[in-house]
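I've put the structures underneath this note.
What follows is a pair of complexes built around subunit A, which joins subunit B in one and subunit C in the other.
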Partner chain A sequence: MQKQDADSYGLPTVAEPVLRMRGIGKKFPGVIALADVDLELVPGEVTALVGENGAGKSTLVKILCGIYQPDSGVIELAGREITLASAEQAMAQGVSVIHQETVLFDDLSVTENIFMGQQIKGRFNCLDWRAMHKRAAALLSSLESDIDPGSKLKELGIAQKHMVAIARALSVDSKIVVMDEPTAALSYKEIEELYEIVEKLKSENKAVLFISHKFEEIFRIADTYTVFRDGVVAGKGRVSKTNQNDLIAMMVGRTVNQIFPKESVEIGNPVLTVQGFCHPTEFADIEFSVNRGEILGFYGLVGSGRSELMQAIFGISQPTGGRILLDGAEISIRSPGDATGRGIVYVPEERGRQGVVLALPIFQNITLPSLSGLSPKGFLDLAKEFELARSYAERLQLKAASLSHPVSTLSGGNQQKVVIAKWLATEPRVIILDEPTKGIDVGSKAAVHGFMTELVKAGLSVIMISSELPEILGMSDRVAVMREGRLIEIVDRKNTDAETLVRTAIGTSQPVGGEAA
Partner chain B sequence: MIKALLKNRDVVLGLILVMMTLAIAARFPGFIELENLRGIFTDTSILIILALAQMIVLLTRCIDLSIASNLALTGMIVAMINASSPELSIAVLVGVSLIVGFCLGAVNGLFVWLLGIPPIVVTLGTLAIYRGIIFLLTDGQWINAHEMSPAFLQAPRNIIIGLPVLAWVAIGLVTAAAVFFGWSKLGRALYAVGGNPVAAVYAGLDVGKTQFIAFCISGMLSGLCGYLWVARYAVAYVDIARGFELEVVAACVIGGISIAGGIGTIPGVVLGALFLGVVKNALPVIGISPFWQLAISGSVIIIAVVINARQEKTVGKLILRSSHKAG
Partner chain C sequence: MTDRASDNHIPDRLDVGWKPRMLRWETLLFAVAVVIFVFNANASPYFLDPWNLSDATFNFTEKATIALAMALLIVAAEIDLSVASIIAVASVAMGAAAQAGVGTWGLVVIGMATGALAGAFNGFLVTRFGLPSIVVTIGTMSLFRGIAYVVLGDGVYKGYPADFAFFGQEYVFWVISFEFVFFLVMAVVFGIILHRTVFGRWIFAIGNNPVGARFSGIRVERVKFILFVVSGLMAGVAAVMLTSRIGSTRPTIALGMELEVVTMVVLGGVNILGGSGSIPGVVIAAFVMGLVTFGLGLLNIPGIVMSIVIGVMLISVIALPILWKKIRAP
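Right after this comes the complex of A and B.
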């Protein structure tokens, strides 16, 4: 509150920033993750870092903890320029990162985790376990935690693991603590505990960078905020002087300068209908249907259950309840083979892990899901197989020296085309695209969007999961928004806008309370 | 053209094999006489068949360490049947060896498929169990040549067009395997399942079932080799082919079959087996003391693995490059 007073008199912030990042830029092939980003962290203050999926928050965190090297810009710690060449160096310089999913060692004890890589040595250069246990207990009790330093990490809850990570941060006397969506996996009570820890860090004059999607907690614990949008800073200031709507506007308020090749296609009857779909952990009560010639967009935060829902429809996992109807008749899907046979295909998000077999030739990758149709008498018709692969490679303008070369020789964009070609070759009726343009360059994006239009023109139904608002708004006929495993609403894209979608996805349009648990 | 060929590791391995044979022949011309080459090939036939079996399993990211024990157990069962009822035709005994081998392989496969136990653990267990069963069956007794029927012993030795039946069986199975991998859905599935199990699931393949089938085929071929081995060496006892599974894995590795699954060719595996066959036959010819032979065979295997690892590294680099683009 005192700081707020200082602010209102127009005085500069009391403390000097301990960390200054200036003009940080980071490019990946075809993608600019960060462009000329400035960030300042002040001791004893919590800075919230806000932004959509893919806005560049994670890239910045990875630069801060030494995993990525920035292409440009300087990082100053207490006025001195530093480089963070490795995770070890970052930690030695006093930057500690508490990751969303704790990256600690499950089978080691709390003490071992806290002192991993920086063990206390005693006589004869041997490890001094007594000293370490004592110090671990002291650190934990300073956090008012009753965790036994001797217990194995896997015996602890997630909040307790965060606590251990924080103790580890304190053990090296970190000046800066980065928390990457720390509350994502926590229960209500654990979140309260975490807030207390953050307060404690503040009182010990640490600078805290708090990355979060949840406005409720930003307004509760942060002092200042920085908003990222498409790799640039879209706004910064004191939390006390802003409100939710302003923050959302900063997050999404981009000028829509991308042109999407969306054309009006006549929408037909429902093709695929999902009723009362449930899963023990990922989603519940999902109802929707997609029509002939329609692109149905699925928007939501990462972890809202979109991919899990589609994987269940595709037969990768089994739902606990619900029905799938194709042309009004109930069908049962027990495996991806069943789904493909029914004309429902899923183009997964992770191309490398889920999409291609790198060592197999391109044409064999394309025909992999279609092999049953190519071996009528038990033997593969190789000429027909190659022809099938060739025709789809041509349709997608795949650039390859030879279709007999392994997929590993292709660029990322062309591998993506192989993945799409592979599913189109099964001649599906419903195609589910999971983040179809993630990580590919602008040119390839346009090609994929153009291709989607072609598909619906040919009478297919497309379900597109995307976290990119322009893509959702540019390509979908209707948009389904998911939050925490529930389908909140399905709206016509003409009746919505970016801010409304974000608000629905984050859940601030309704009172946040008991439902969150 | 030549450069492209030299990038093909099967061609390189073939060239090394030919050069090695010629180098030995330069000092011991008898080594490349037709009779000797025929002998080497026949000697290596069982190794070739088992290496094919192992290749099928390795392609799916599994490993079958029990093949030599399967061979010994099946061989013993067939020999016992022959000893007790010599009138049974060889065709029946071959059928029995295929069925017994298949069942032993299926046991491995079921553990891997249904219980999800790592293949190395399962087959390390059955390696001991299958050999242990031979003890239980025989109390450690041998079945010697005089207890087996002449037809039983003679069948693999009959010469057809200049080669013994044993060699023709290997040639026939290699051809069948080539057809299997080239023109069958299952053959393709084996590569996909090992090359990227997750992508294989998305493509509608059943990974566990495919691995199960691989173990069944491997077991069936091992069982067949059980009969071939016992007939060729005219003796069945607990210790036959003990440790042979490692030689089989070595042949696969030399032949460029990736232990990590999804990579390997039939010419490669045949050349890998022949390579070991030539080394084994050459060492006594060159006059290297038997004490050194094991160590030299071992060194050759390690050298092959080192070369193999270097090949795989380049693939690894490519993967990283592409995933970097994705991220």
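Right after this comes the complex of A and C.
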């Protein structure tokens, strides 16, 4: 067959993909993380993997590095079907992953890190340190890096740690290098260095999968892109033939209607007002207020300072400046106890660590913050406690065999209901929900959303941090968007759409990395 | 939508059958105590004598009194290894005060205040600077003991007022000593605090998940500080009883007692990593250790062997439940 297209006239032909993933599917209880996903990686090219939080990017990375097994689909390496049953196997097959937070050994030397699990052995089966040091130095110098192979990893910066991870990838002659948001913790200068490394990997004919939120870097270094949305491929193509707006449209899609829309509730006067709130590292100059009967959504990228802001309002950390007003009067909050006393409560994001005491029974978790009020003399009243716990457990449709069972026996969704019940039992006026439906099944999600409407109907004010656009757009009356510790704008839900929010959150006009904190 | 009333009825209480009750740690420990009692009664004709049994209680009441406070600390996932040294420093303080002519009640106040102050120092270091308590109290263990040595050198304080002997030597009723009554009263008080008050619930929450407790509005640092003060205070009380009982103060007083206290607490079923445990368990463990020590003493077995027995007992009671679980669920 004659194959005479434009590419063959003097231009390099696009190489055959080294890795083909076809029809990959992965289910978790209640969630379909990936459904029928195809992905190709070509030697000498950088493929950008783009998508919202929870779109399935991390699941795919974990499949690639052998941590998860796909439920369906095939993975082909150079035309041959393979299985990646473990991290070790993935590495042996030539897949190296550079994680966002490098998972290496801080107290070991650079050489030890590079050769961990694949040490060079000499006579008598002893480790041949000289050979390893020599080879480590050669690998690092091929990356034009001046890292001393003998130095301990903890003495290095994050960019240098990435360099070590890359050297490790090269040491096993990986064909595929996966980089999971490698620039997330890097300064501007370090990012430039990383780009050079990526160029170097390209020139050595490696296939690179580059996962990123940041459009600047996608347009800077990627050759092709694949967009994930809700576990499916929403689009793919060559970067040179697309633009930012198209990418955003593919990322967000039009799927807002899956969520319980918030019923309209009459909005009252401002209840909680925050003025000039500052923190030494996490956020600055935050001003907003939330009204009676209102759901105020907080949107932003992970790490934009939303949780830190709310924890400061709740008294977990102390702000360096600013005021909090409740019904127009200034209040002082120095501890979570103060906040709870004033009717401001916070349902944290990390449920297992911050939200519940897993080993204690359900009823004791629900009553934990209300105990002082329930027993003025300091003695427990189990009957009263049970009554309170049961009324809130039933209001939230908690599914449990007994309130005496430890919370750890519940599913994620029901644990979240316990956390919400625990705070509602204090009869708050303002409830701050930090990623309230993260990692819970669809049924519990709907229950939580329905309950939020009930709360605002009862006159509460709700602040909801969420990284899920459909949730933000479906539930919020107004949306506050944060970026790099600043509150960029607060918009009415009716006057915005998914694309605008993403654009504001990413800050497309900002230089990449900006002034790293 | 589902019907709420029928779908969401959650039973109030889990029915506790006889099996889980039987398998509770306290029950097993109680059985062990009975076995040791019967064994001792058969092994020595002197064992069942009421005065001998009463004497036996002196072996453990001071340690057990501290163990009650230590149990609270360990449930809260902290520990105080300086308690024996606190006894030394409190006893030295009382001795010096007695030389200066302070009366009996003044001595009691000084002993308890010294203990509470030492506990507050531990609590301050742990809560203010976020230091691990095991490190802090190993440090203050040397520090407090060192102070006692510096003050007293090779010397000894004697000459306590005659009625000071009441706390360690007198009987409240027949063979029932003041120390024993005091321990029983404190056991009830601490049992109520840990199992029946809001403060006790906070201790469990902190021991299981300090971050979650903080996010629930509990003042974690304050609770921990109070627990260290209480631990120091109980060590101070123990110093009063011990000093009164032996009638003199040397810098080596109560040397190594902290490990016996911790042993008692762990034997009582308190998780050394924090989060669970009960006062009844600790009380029974105190009796078990007292009975073993006393029984071995009656059989003229030297103290060194006793420490071996205690060590083996501790390891086996910790290992047995774990082995038991492994056998049952292969």
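As a working rule, the second predicted complex is superposed on the first by the 490 of 517 C-alpha atoms of A that agree within 3 Å, B and C clash if a C-alpha of one lies under 4 Å from a C-alpha of the other, contacts with A are read in each partner's own complex, and residues count from 1 in each chain.
We adopt the following convention: a contact is a pair of C-beta atoms (placed from the backbone, for glycine too) under 8 Å apart; a residue touches a chain by one contact, two chains touch by 3 or more.
Since the structure is predicted, the reported quantities are computational estimates derived from the model, not experimental observations.
*Asks:* Once subunit A from each complex is brought into register, does subunit C clash with subunit B or fit beside it?
*Replies:* Clash.
*Asks:* After the superposition on A, what does A:S404 contact: first (subunit B), second (subunit C), both or neither?
*Replies:* A:S404 sits against subunit C, while subunit B stays out of touch.
*Asks:* So, does A:V357 touch the first partner subunit B, the second partner subunit C, both, or neither?
*Replies:* After superposing on A, A:V357 lies in contact with both subunit B and subunit C.
*Asks:* Quick one: classify A:F28 as touching subunit B (first), subunit C (second), both or neither.
*Replies:* first
*Asks:* According to the stated criteria, A:K417 is in contact with first (subunit B), second (subunit C), both, or neither; which is it?
*Replies:* Neither partner.
*Asks:* Mind working out whether A:F386 is in touch with subunit B, subunit C, both or neither, as first, second, both or neither?
*Replies:* The answer is second: A:F386 touches subunit C but not subunit B.
*Asks:* Does the superposition put A:R342 against subunit B (first), subunit C (second), both, or neither?
*Replies:* neither
*Asks:* So, does A:R503 touch the first partner subunit B, the second partner subunit C, both, or neither?
*Replies:* A:R503 contacts neither subunit B nor subunit C.
*Asks:* Return first, second, both or neither, reflecting whether A:E394 touches subunit B, subunit C, both chains, or no partner chain.
*Replies:* In the superposition, A:E394 touches subunit C alone.
*Asks:* In the superposed arrangement, what residues of subunit A touch both subunit B and subunit C?
*Replies:* Residues common to the subunit A contacts of subunit C and of subunit B are 316, 335-337, 339-340, 346, 348, 353-360, 364, 368-369, 371-372, 375, 378-380, 422, listed in rising order.
*Asks:* For a test of understanding, state which residues of subunit A touch subunit C in their complex under the given definition.
*Replies:* 316, 335-337, 339-340, 346, 348, 353-360, 364, 368-369, 371-372, 375, 378-380, 386, 390, 393-394, 397-405, 422
*Asks:* For the complex, give me every residue of subunit A touching subunit B.
*Replies:* 28-30, 314, 316, 335-337, 339-341, 346, 348, 351-360, 364, 368-369, 371-372, 375, 378-380, 382, 408-413, 415, 422, 438-439
*Asks:* Could you list, by residue number, the parts of subunit C that touch subunit A in their complex?
*Replies:* Going by the criterion above, the answer is residues 2, 4, 7-14, 196-202, 204-205, 208-209, 211-219, 275-276.
*Asks:* Mind listing the subunit B positions that touch subunit A in their complex?
*Replies:* 182-185, 188-189, 191-192, 195-196, 198-206, 262-263, 315, 318-319, 322-327
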